[in-house]
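Structures are listed in the sections that come next.
Each of the next two complexes has chain A plus one more chain, namely chain B in the first and chain C in the second.
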Partner chain A sequence: MKNRAIEKHFNLLDYALSSLWRRKLKNMGIITVFAVVIFLVASFQILTSSLTETAERMLAQTPEIVIQKMSAGRQESIPLAYLDRLDGIFGIRAAVPRVWGYYFDETSGANYTVMAADRSLMPEGKNLEMAIEGDFPAAGQGEAALGREVAANLKLAGRRTFSLFRPDLSLKSFRVSGIFAESTDLLTADLIVTGLDEGRDLFAIPENLATDLLLYVANPGEISTIAKKIAARLPDTRVLTRPQIHKTYKVVFGWRSGFASICLLTALAAFAILAWDKASGLSAEEKREIGILKILGWQTADILVLRFWESLAVSGLAFLGGCTAAYLHILFLEGSLFRPVLLGWSVIHPSLKIVPVFAAGDLLLIFTLSVLPYLAATVIPAWRGSTIPPDAAIK
Partner chain B sequence: MRPAQILALVIFLLLTLDAALYCHVRLERLPRQRSAADLNDIVTAGLGLTDLCLATEARYTRHPAVSDPMAPFMDHPGAIEHFPTGSFWAVPKDRYL
Partner chain C sequence: MIIELQSVNKVYNLGQPNEVQALFDINLVIEENSMVCLRGASGSGKSTLLAIIGCVFPATSGRAAVAGKQLARLPDRFMTIHRRRTIGFIFQQFNILPNLTVLDNIALPLLPLGISPDERRQRAAELIERLGIGHRRDFPAGQVSGGELQRVAIARALINNQPIILADEPTAHLDTTLSHDFMGIMVELKNAGKTIVIASHDPLVTEHPDMDRIIDVRDGRIDVS
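Presenting the complex of A and B:
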């Protein structure tokens, strides 16, 4: 009995597939459009999940507290005297002034990030050589370590020196002490790291000022409390904590970002058109087919099962194909379809060799948004068609 | 071959491809990622980095974690956000003390 029921379903599936194959042009078109819609949504979901996970992993050791001075709604250099005003706040292990900023290279149109700090005060500062092919720039020697993309953009071609413009357009020369390792590209591609004095000289920042202050606390559980005390003592500053920095990357690549909304809306619009086409009724040919089947002795339930298998085959193939293509797109093509939007007018293009993250929840969400509504959309016309009297259907 | 068997074969091939991709990630990409993790931690801690180097065209997409949410609109009164990458990033909420 059980075998007969299974055999019946196999026969119905065979018939459904033959029926799909008879109208192969139309059905291939539906599968392709459906797969493209799923590919688009799944690609975006994988890319954003992967970027969020990458940020969380790579920025685990980010400073515990960052203090920026604000004036008229903009960030400006912070006086080093502010460090004295932090005296008496228990739990601060170290406070490090840092000078950093952006340098626009007019020749290539690239933006570099110039970073200058006293490495002896930084955690892991003494190990930085491990991440550099060459040496870390010695303080006061006019040296700089470059990210790989910066080195490529400066077109050094074997030269060890390069120059950048100070604000007064005089030239500041640097000697390249090393290049950051390729595996750190996602952090260092646009970096020019140099000594504190060289950074001040390049940006013409006086010795009593820094761009921001980095604070390290003894007990990570007290970060929030210490940050609140700092905010109360230095009301003209913005105090950022490590959990807040991590939180930023949890939300910036979300469904609410503009491009994601466009992708989602496009996908939904395409799907709505597809579902509408299905739900709006059967063609005369399909009605005639149902009429003939009923005359041959098929029951309404058989026809509903037949339509179910047809829809499941179409949506299942589109789902599998779309998701597989999306995974390939992120894994081997580094999300090339979204890269122009992700990078915009950036001249520096760090490699995006990320490990795709595709959680079961994401898979289920895309399945629920695509396959289930398609199955539901085909039920109504199938039921309407299968209840038509056979003689009326074939007239 | 019955049509159902052809469908099963196609699905099997797709699932095999998926399994191969998964194995590639587990055996090739993840070990490489793990070996680079220590270096990345050293760079992040040693330089005090707060952001990934993804988009370098605007300071608020190069360093979203330490940029003001108003930064895209600060060029002049009534300025609109015009960098393409701005459309990829959602505005972080409740970040400041």
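Presenting the complex of A and C:
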């Protein structure tokens, strides 16, 4: 035989569920609206987490330090002679000059990012093979690897060569050595990677200059120390570290997500206020029911438990429905409703494959912001309603 | 005696501009296993008296004891517990929840007591059969007739086997035949050992031959003239 107290809670839960079922039309409406609001908030949360995770995965293979020369607050080409000035700073494993810039394709109206470096000088260069379907461009061979969106824009249709204009409008030809994998789309969708000499040729950059210098360090724990030393030795440069770039990605996605979340949380707050308003102004029917239950021997606490179960069932179902819909939205539709908001940073929108990342912390945050306010917004007014004398309720 | 009131007064909205005194210096004793009628016109105070006996709210002053408990000393929580153990209510409007089935309405007082669903159904079903509404057992209460609703209300008042049954204008919405039936059930209950207190001004009730005592209530006072 079950304990009476436990049995009582089962009875109240049973009554609460049947009570919800009796008013199914009204409650389905509330659950649907609530689930939609939770779906919007959860979609943003999952999408932000997924993008941050993808960005972190991609950035893991980038150099630890990037040095850019600055002049009048703007970036300009860096002399290769700066490499000699790094001599004597311990912990630098390799220093690689890089040329990069933007190429505007008038035919498609898109901007491509052109990146040129000698992969053989990069300590992690071999690892990049995993990110490409085909081969990495060999230095000095006139080859290029393309991001998937670039390849689509150039309409190669089986061709393995394409041409881009130099600044003097002469044509520079490339042979396609490979296409970047879909999983790297966030970083490579608009990317053309080629050899250092090809990059210099395309942008007409003199041989003694590069756009920036990539530095690989032996001990990741010393990145900031080395960066400080470089900044002291090369005061006219900007020294970017991988942790800083990580942070920038997080801030960019976090800011966008935060902005959208504020808008959605406003909707959530409006829903909570609506729930409060509805619950605090108990209908005559609800008051009468409370009065009948009280006069039949139900205590105020019993009625509160009943309302608690009802609210938990409504908000719990909405929470599960909203979060599940958000997960499926990211998994199958790749967050199509909100991608433009979070990924609108490039002319070519990366069509990366997003793997939903749903951390326990995210779930807890959404639960705290949705279910708990709803419980408070319905149970507290119900408590006020249930303290009225039973005779007043049934008159 | 099972009910004893001494110098009971009841004032609604005490200390406010709309203060109203409903009962004045009520002294009343009701013996166990008796059937008593509180007779009086509308607004005479009989429903207020019934509510104090029924532990719905306390008297403003005076002493009220029901089934051995001094109500004035009981906090609200314990008053509720005492009410559900001691008092079964039958209302003029029946106060049945129309969306619940007849059986669920009758079992409603048992839910917070932690009685299992099987036992609830069994106890309710026994009363339903006893009161002759077995054929309506699974009907929504909103779909049964007035006479049947009255029986549902009686069954609900008996489900916890309370010793005292209070009925407030129980025949107000019933025709003569159904009123006779109702009184027949009340007599049965009295014979089974229950104490019955009925507030009514229906002659069919007040002049019923099995009524042990008539107490006249007028303008908030017990009329002894």
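General observations
By our rule, the second predicted complex is superposed on the first by the 320 of 395 C-alpha atoms of A that agree within 3 Å, B and C clash if a C-alpha of one lies under 4 Å from a C-alpha of the other, contacts with A are read in each partner's own complex, and residues count from 1 in each chain.
Keep this in mind: a residue touches a chain if its C-beta (ideal position, glycine included) is under 8 Å from a C-beta of that chain, and two chains touch if they have at least 3 such contacts.
Note that the structure is predicted; figures quoted are calculated from it, not measured.
When the shared chain is aligned, no partner comes close enough to touch A:91: not chain B, not chain C.
Taking chain A as the reference chain, the count of touched residues is higher for B when chain B and chain C are set side by side.
In the overlay built on the shared chain, the residue A:228 is in contact with chain B alone; chain C does not reach it. Shared-chain residue A:14: touches chain B and chain C both. After overlaying the two complexes on the shared chain, residue contacts for A:240 are found with chain B alone; chain C is out of touch. With both structures placed on the common chain, the touch criterion links A:293 to chain C but leaves chain B unconnected.
In the superposed pair of complexes, A:134 makes contact with neither chain B nor chain C. Residue contacts after overlaying the shared chain place A:79 against neither chain B nor chain C. Once both structures are placed on chain A, chain A residues 14, 18 are touched by chain B and, in the other complex, by chain C. For chain C in complex with chain A, the residues that touch the partner chain are 51, 54, 56-57, 76-77, 80-81, 83-85, 89, 91, 93, 95, 97, 99-100, 104, 108-117, 120, 156, 160.
Considering their complex, residues 1-8, 11-12, 14-15, 18, 22, 288-289, 291-300, 302, 389-391, 394 of chain A touch chain C. Against chain B, the residues of chain A that register as touching in their complex are 10, 13-14, 17-18, 21, 51, 54-55, 57-63, 66, 68, 73-75, 96, 98, 102, 110-113, 115, 117, 119, 122-125, 127-128, 130-131, 147, 180-181, 183-191, 193, 212, 214, 227-228, 231, 238-241, 244-245, 247-249, 251-254, 256-260, 262, 313, 316-317, 320-321, 323-324, 327-328, 331, 338, 340-348, 350, 352-353, 355-356. On the side of chain B, the complex with chain A involves touching residues 2-4, 6-7, 10-11, 14-15, 17-18, 21, 24-25, 29-30, 32-33, 35-59, 61-66, 68, 70, 74, 83-90, 92-93, 95-97.
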